[in-house]
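In the two complexes that follow, chain A is the common piece, with chain B as its partner first and chain C second.
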Partner chain A sequence: MTRRLAPTDAVIIGFGWTGMIMAEALTAAGLRVVAIERGPMRDTAQSFPPATAPDELRYAIRGDMLLPTAEETITFRNHLDQHALPVRKWGSFLPGSGVGGSGVHWNGHTWRLRPEDFALRSATIARYGRHFIPPDMTIQDWPVSYAELEPFYDGFEYLCGTSGQAGNLRGAIQPGGNPFEGPRARGYPTPPLTMPYGPTLFAEAAAGMGYHPFPLPTGNLSQPYTNPHGVVLGQCSYCGFCERFGCGNYAKASPQTTLLPVLTRRPALSLRTGCEVLRIVTDSTGKRATGVVYVDDKGEEWEQPAELVLLCAFMLDNVRLLLLSGIGAPYEPRAGTGVVGRNYAYQTVSAVQLFFEDKIFNPFIGAGGLGMVVDDFNGDSFDHGPAGFIGGAWLTQLASNGRPILARPTPPGTPRWGAAWKAATAHYYNRSLGLVASGSSSSHRGAFLDLDPGYTDRHGRPLMRMTFDFHPNDLRMSEYVTDRLAGIGRAMGPSRMAVFKRHAPYDIRPYQTTHVVGGAAMGAHPETSVVNRYLQSWDVSNLFVLGGSAFPQNSSYNPTGTIGALALWAASAITGHYLRAPGPLA
Partner chain B sequence: MRPEALRRRDLLASSAMALVLAACAGPASLPPPAAEAAPFFTAEEAATIAAAVDRLIPPDAATPGGREAGCADFIDRQLAGPYGRSADLYMRPPFAEGIPQQGPQSPLTPARRYRQALAALATYCRNAYAGQEFAQLPPAEQDRILRGLEAGSLHLPGANGHAFFELLLANTMEGFFADPIYGGNRDMAGWRMVGFPGTRYDYRDYVALHNQPYPLPPVGLAGRPAWHQPA
Partner chain C sequence: MRGIVALLLLALLGGGARADEVTRGRYLATVGDCIACHTAPGGAPFAGGRPIATPFGTLRSANITPDRASGIGGWSDAAFDRALRAGIAPGGKYLYPACPFPYFTRARGEDIAAIHAYLRSLAPVGNPVQTDALPFPFDIRALMRGWDAAFFRPGVWHDDPAQDAAWNRGGYLVEGLGHCGACHTAKNAFGADETRRALQGGLLQGWWAPGLTPAPRTGLAGWSIDGLVAYLRTGSGGGQLASGPMAEVVERSTSHLSDTDLRAMAVYLLARPARTEVAVRPAPTPLAGEAIYLDRCAACHGRAGEGTAGLFPALRGSAVVQAPRPQTLIRVVLEGGRAAATDAAPTGAAMPGFASLLDNDEIAAVLAYIRNSWGNASAPPRPAQVERMRGSPG
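Then we have the complex of A and B:
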C-alpha cells in the first residue's frame, strides 16, 4: 500500500551536486523542499575522516563510495542486434551513491566548455560544410550559448573555490592560462596548485614544441577558501587519495564541502536518505507531475505530493525514471523517432606510458586535478578538416596518485608475476609517468538508452539498457590526438614508451571515465530533445531534469563544471521566472 | 611477550575501537574489522594458496615473497567476508555467456570459485604428480601449472582454471599492496618494495621538491610496527 504524505512545494530526486544546488536556491526563495536520496548520509567528519579515508582496497578496489550493482545496474551491449547483459561489477565508469552522489568521489576537474562546443553542429557546417557530418551522427547545438552560461560557470567556480589560471579575461589572453578558452569575467577564485615533477616535465616539453600548457582547473584547492555561502574549504595536502575517495581535509569541492553545511540549517528542507524514488506521478492529462512515489529502507511505499519536481539523480537514473514514469516519447533507434534515451554519449580516452631510468617522480604525491594540460588539439584550436574528424581532446600529465594496487606500471613485455615482474615493479614504480588524451564523443543513432526487456532490479523494475560503441569519427580523432600525445612523451626523453590507443569495440570492463552523458538532451525543439534550454521537460512543465543527461553530445572536457553551471542557470530561471508564472519557460 | 603477540593484541584493540566508532557514526564509517581467525580455507587449501602466492610474488634478497607478506591470510579473510559472497554485486539470473566486453557473467562468487578451483587443482596435482599436492611440488612445477592456468592451456576438471588464475593474481596483488589492516602487506613489505609511503596524507612540504627521494618510511591506517613495540 502506498501511503500519501502531506504535500510540499518541491521534491528533489537525488541529493548530489544538482540536487543540493536546487535545494539551496529553492529554500532561499521560500519554498518547502523535500529531498529524497537513495543512498546513505555521508559527511566528512564521520564518513571519510583522514583516519579511514586513505584505504585503497576499500574505496578504489571494492568501491565503497559507489552504487552497489546489487541495488541497481544497467545492461550493456555494443550494437542493436546483440543481447544485452547486466553489468555485474562496475568498470568503465563508476556511479556514486548517497548524499553528495558522484560529487564525493570525483577528481575535481572543473572545466568550462568552449564557445564553439555549444554550437557544434552549426559551427561544423559553417567551417567544413554539411557533408562533413556523418549521416548517422546526431550531434546538435546546445540551446544555450557560452555567453549566457558564463555568469553561471563563474557562480559554480566561486561556489567551489576552483584553483586555476585564467587564459582569457574579457577577451585579453593571459600568460600561463588556456589561450583557447572562452572569455571569463574574472579569474579563478584560487591560484593553481603547486606542480610536482611529472606535470612540470610535460609542460616544458609541450612548450618546447610550441604548444600552450596550463594548469588543469580543479576543485582540489591550493589554499583555504570561504565561498559565498560562508562555507570554508581547506587546503589540498596532495595526499593522493582523491578520485574514488572522499576528502578528509575538506579540501576537495563537493556538495558536502560547499553546500551541505548551509542546507542543514534550512528548516524548510527535509532530507530523506535510504529512500528510492520508484516513479514520478503525473495527473490524468500526463502533462503535470503531482509528486513522486518512493520506497523507504523498510520497504514501505510513500507518495510525496509536490507542486514542482526536480529530477537530480545520476544521468542514467534520470533517463530511467523518465522511462519508468512514461514521461516523454522513448527513443526508437530503428525509426530514429522519440527522444528519451536518444543521444547517449561517452568520451574517447587514450594514454601513453613513459618509463625513465634517471628520474624519480614520487607518484604518491598527487591530487585529482594536479596536472598540466595542452588544449591545442581540441575544438577549433586547429584545422581538423584534413584529418577528417569532428571533435578533439585535451592532453595531460596528471599526477593524481601512486596507489600501488592499481598504479604500478611496468614496460611492455614484462610478465605479470614472478621474479621479473617483481624486479620491474620495484624499479619502475617511481620512474614512470602516464599521459592521457581525454577526447570528445559524438552522439549517433546507434548509441542510446532504453529499458531492458528482461533484467530487473531489486524492486522488480526493468534495468536501463545501454547500447554503445565508439563512432569511427571518434576513433579517428583519438588516433590523431594520441599521436600528438606520444610526440610530447617522446620529447620528455623516456627510455621506453608504451602507447595505448582506443579501439572498438567499447569494453565495459576497464575504467575509462565516468563521464556518461545524454539521454535527456536539452534542445531548442521537442522533436530532438527532452528538456528545453532551462532543463524543463517539454511534456511536463513542472518537471525539471538536471545533470549530465542534458548534454546533446560530449565534449572532451569533464562535465561537472557545465553540470553545475546549468543547475545554477536552471535554478535562476525557476526562481526568477517560473515561480512567478508557472508554465513552459520556452 | 613476543612482538607478534603484541601486534595481535593491538589489532584486537583497534577492532574494538572500530566497533565503538561504528556505534556512534553508523555503518558508513565503519573501518573494515581486522579479522583474527583464518576463517575460510581448509588446511590443504591454505597450503596451496600460500605456495601459489609465493610463486606469484617470490621472495628475493630485498623483499619478502607473497607468503611472508601475508597474501594468503589476506585472501582467506576477504573470502570469508562480503567480498567472498559478492554481497554488493548484481547476482540475479539469467547468467548468459556474453562477449568479453560485456564483463564477467559468472554465478560463482569469489569464495565458490576458489573452493571449486582448489578442489580441481588438488585432483589435477594428485593425478599428474603421483599423489602429491601443489604445495609439495618443486617451484618450477608450480610455475608451470600457474603459467598453464594463466594461458588457459592447462584445464582443471570441473573448474575454469583461467578465471581462477586471474582472480588469484588480482587478490594476491591486493594482498601485497593493500593496507596491512587487511592481513596482507605484512610489515608494509609491498609498500617498502616500491617506496609507497602509505597513508601519510600530507605531502605539501614535498610537492615542489622535484626528482628527490621522499625521506620518510611508510605508515598505515593503524600506524607503523615500530609504534607498537614495548617502550
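Then we have the complex of A and C:
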C-alpha cells in the first residue's frame, strides 16, 4: 500500500552533484524541498576519514562506494540483434550511490566544452559538407551556446575552487593555458597543482613538437579555498587516492565539500536517505507531474506529492525513471522514432605505456587531475578533412596514482605471474609512465537505452538495457589521436613503449570512463530531444531532468564541468522565470 | 484609537512587557547561553531536563519556560532576580553553582528583568524535571548556604572610569552574563572558582578550557582583536576552530552577538594581565612521535603544525595543544571532534577518532611531539594518562 505524504514545493530525485546544486538554489529561492536519495548518508569524517579512505581493496577493487548491482544494474549488448546480459560487477563505468553520488569518488577533472562543441552538427556541415557526417550518425547541435553557459561554468568552477591555468581570458590568449579553450571571464579560482616529473617530461616533449601543453583543470585543490557559500576546502596532499575514493582531507571538490554543510543548515530542506524512487507520478493528462513514489529501507512505499520534480539521478537512472514512468516517447531504433533512450554516447579512450631504464619517477605523488594536457587534436584545432572523421581527443600524462594493487606496469611480453613478473613489476614500478588519449563519442542509431524485456530488479521492474558499440568514425578518430600520443611518447625517450589502441567491439568489463551520457538529450525540437534548453521536459513542464543525460553526444572532455554549469543554468531559469509563471520555458 | 490598539498590544505581550524589552532580553539570554543548559537533547527549548555532569554527581537543568506547574510561570520579577543574582530560588531553595549565578550576580537589574520578560514571552511547556538528583550529601541544598558564605561574592559589576567604554562593556559581559570563567577558570575542591587564577584555564567534564589571559603559550598572546572576534562570531579565527563544548557556545551564543559586544569582549580579554608562565623548555620527544605525526596528522594539520584557516586548527602556538593538562588533546585524538558550524563559517570539518588505530604509547609519543615542536613546549603526556581517558573521558 502506498501512503501519501504532505505535499511539498519541490522533490529532488538523487542527492549527488546536480541534486545538491538544485537543492541549494531552490531552498535559497524560498521553496520547501524534499530530496530523496537511494543510498546512505556519506560524510567526510565518518564515511571516509583519512585513516580509512585510502583502502584500495575496499574501494577500488570491491567498489564499496558503488551502486550494489544486487540492488540495481543494467543489461548490456553490443548490437540490436544480440541478447543482452546483466552486468553483475561494474567495470567500464562505476556509478555511485549515496549522498554525493558519483561526485564522492570522481577524479575531479573539471572541463568546459569548447564553443565549437555546442554546434557540432552545423559547424561540421559548414566546414566539411553534409556528406561528411555518416548517415547513421545522429549528432546534433546543443540548444545552448558556450557564451550563454560561460557564467555558469564560472559558477561551478568557483563553487569547486577548481585549480587550473586560464588559456583565454576574454579573448586574450594566456601563456601556459589551453589556447584553444573558449574565452573565460576570469581565471580559475586556484592556481594549477605543482607538476611532478612525469607530466613535466610529457609537456617538454610536446612543446618541443610545437604543441601547446597546459595543466589539467581539476578539483584536487592546489591550495585551501573558501567558496561563495563560505565552505572551506583543504589543500591536496598528492596522496593519489581520488578516483574511486572519497577524499579524507576535504581537498577534492565534491557535493560534500562544497554544498552539504550549507544544505544541512537549511530548514526548508528535508533529506531522506535509503529511499529509492520507483517512478514519477503524472496526472490523468500525463502532462503534469504530481510527485514521486518511493520505497524506504524498510520496504514501505510512500507517495511524495510536489509541485515541481527534479530528476537528478545520474544519467542512467534519469533515463530509466523516464521510461518506467511513461514520460516521453521511448526511442525505437529500427524505426528511428521516439526520443527517450536515443543518443546514448560514451567516450573513446586509448593509451600508451612508456618504460624507461634511465629515469626514475615517484608514483607515490599523485592526484586525480595531476597531469599536463595537449589539446591540439581536438575540436576545430586541426583539419578533419584529410583525417576523415568527426571529433578528437585530449592527450595527457596523468600522475594520478601509484596504488599498490592496480598500478603494476610491466612491458609487453612479461609473464603474467611468477618470478619474472615479480622482478619486472618491482623494476618498472617507478620507471614507467602512462599516456592517455581521451576521445569523443558520436551518437548514432545503434547506440541507445531501453527497458530490458526479461531482466528485472529487486522490485520487479525491468532493468535498463544498454546497446552500444564504437562507431567506425570514432575508431578512426582514436587511431589518429593514438598515433599522435605515441609520437609524443617516443619523443620522451623511453626504452620501450606499448600502444593500446581502442578496438571494437566495446568491452564493458575493463574500466574506461564513467562519462556515460545522453538518452534524455536537450535540444531545440521535441522530435529529437527529451528536454528543452532549460532541461525542462517537453512533455511534463513541471519536470526538469538534470545531468549528463542531456548531452546530445559526447565530447572528449569529462562531463561534470558542463553538467554542473547546466544545473546552475537550469536553476537560474527556474528561480528567475519558471517560479513566477510555471509553464513551458521554451 | 490607535493609542488604544497599541495599549492593547502591549498588554498582550507577556504580561505587559514592552516588545523592545523582550527583544533585549532575548539577546541577553543569548549572551548567557541559557538555552544550552536548559534544553534537553531533542527536547523543547528552555524546558530543561538536560543532564549536567558535575564532580558531585549529575544534575538536571530546570524548566524555565513560563509553565506555572513545572516551569517558572509563577515567579515574580523579584523572585527571578533573586534566583539569578543571589542564587536563591522561591521557597528559599539554594541553587547549585552549575547555574552560574556567581557570574550573573554582576549583571544589572534591568538586564535580568529583560531576560525574565523574554522567558515569559515564550510558550509554556509542561515538563516536570527532578532537579535535586545529586547523591547524598550533596542533595541537601541547605549545604549551599555554607558554600555561598565561603565562595559567593554577590555584587553588580562596576565600570572602571579609567578604562574606555569597550573595555567596560567587555568586562561586564565576560565577567557577568557571558560567564566565561565558568569553564575557563580552575575550580577548587568545592567546585568554586579559584579567583586568583581567574581565566587562566580550567578542566571541566574532561575538557581543558584554555587560558584566556594574554599568556604566550597557554593563553591568547598570539591573538588579535579581529582574530578573537572572528573566532567568537564564526567559530574560526586566529588559526583555531571552536570544537567540543566551545563549539556549542559559539553556535548557540557568541555567533548571535553584535560585533560591538564581541569586540568589547576581545578588548577586555586581551587587556587583562597575562598569567605568569613557568619557563618550559621543549622536552625531547621519541622519534616515533614525528613519524606518527607525518603519517597520521600532517596531511591536515601541516608539516609545521600550521593547519588550514577555517578547516583544520593550527597546532603550532596553540594554547589547547600546550595546555598544562593534556586531557583535551588526548580526548580529541581518541574520539575525534567536530568544529563549530555557523552561517558565516558553515564547513564544520571534523577529525576522526584514533582510539582503535593508535595505542597508548603511540598517542603519548605523537602528543609529546606535537606539544614540543615548532616552538611549542609542554610536558609530554604519559601513556597511563591516555589509558585513563579511554572510555571515561568525564
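FYI, the second predicted complex is superposed on the first by the 586 of 586 C-alpha atoms of A that agree within 3 Å, B and C clash if a C-alpha of one lies under 4 Å from a C-alpha of the other, contacts with A are read in each partner's own complex, and residues count from 1 in each chain.
As a working rule, a contact is a pair of C-beta atoms (placed from the backbone, for glycine too) under 8 Å apart; a residue touches a chain by one contact, two chains touch by 3 or more.
In this text, all values refer to a predicted model and were calculated from it rather than measured experimentally.
Q: Taking the superposition on A as described, I'd like to know which of chain B and chain C A:P453 touches: first, second, both or neither.
A: In the superposition, A:P453 contacts neither chain B nor chain C.
Q: Quick check on the superposed pair: does A:A419 touch chain B, chain C, both, or neither? Answer first, second, both or neither.
A: Only chain B is touched by A:A419; chain C is not.
Q: Go through the superposed model and pick first if A:G493 touches only chain B, second if only chain C, both, or neither.
A: Touch partners of A:G493: none, neither chain B nor chain C.
Q: Scan A:S237 for contacts with chain B and chain C and give back first, second, both or neither.
A: both
Q: Tell me which partner A:A51 touches in the superposition: chain B (first), chain C (second), both or neither.
A: A:A51: touches chain B and chain C.
Q: After lining up the shared chain so the two structures overlap, which partner does A:R408 touch, if you call chain B first and chain C second: first, second, both or neither?
A: first
Q: Is it chain B or chain C that touches the larger share of residues in chain A?
A: So, of the two partners, B touches more residues of chain A.
Q: Between chain B (first) and chain C (second), which does A:G208 come into contact with in this model arrangement: first, second, both, or neither?
A: neither
Q: Under the stated touch criterion, which partner chain does A:T194 make contact with: chain B (first), chain C (second), both, or neither?
A: A:T194 sits against chain B, while chain C stays out of touch.
Q: Looking at A:G385 after the superposition, I want to know if it touches chain B, chain C, both of them or none. Which is it: first, second, both, neither?
A: neither
Q: Of the residues on chain A, which ones does chain B touch that chain C also touches?
A: Looking at chain A, the two contact sets intersect at 46, 49-51, 235, 237, 239, 248-249.
Q: Flag every residue of chain A that touches chain B in the complex, lowest number first.
A: Of all residues in chain A, those touching chain B are 40-42, 46-58, 61-63, 68-70, 73, 76-78, 82-89, 91, 98, 193-197, 200, 235, 237-241, 248-249, 359-362, 364-365, 402-405, 408, 416-419, 422-423, 425-426, 429-430, 454-456, 505-509.
Q: Where on chain C does chain A make contact in their complex?
A: 296, 299-300, 308-312, 336, 338, 341, 343-352, 354, 357
Q: Residues of chain B touching chain A in their complex?
A: My answer: residues 24-29, 31-32, 55-58, 60, 62-63, 83, 87-92, 94, 96, 98-105, 143, 146, 150, 169, 172-174, 177-179, 182, 190-191, 193-204, 206-208, 210-214, 221.
Q: Spell out the part of chain A that touches chain C in their complex, as residue ranges.
A: Residues 43-46, 49-51, 224, 226, 229-235, 237, 239, 248-250, 261-262, 264-265 of chain A touch chain C in their complex.
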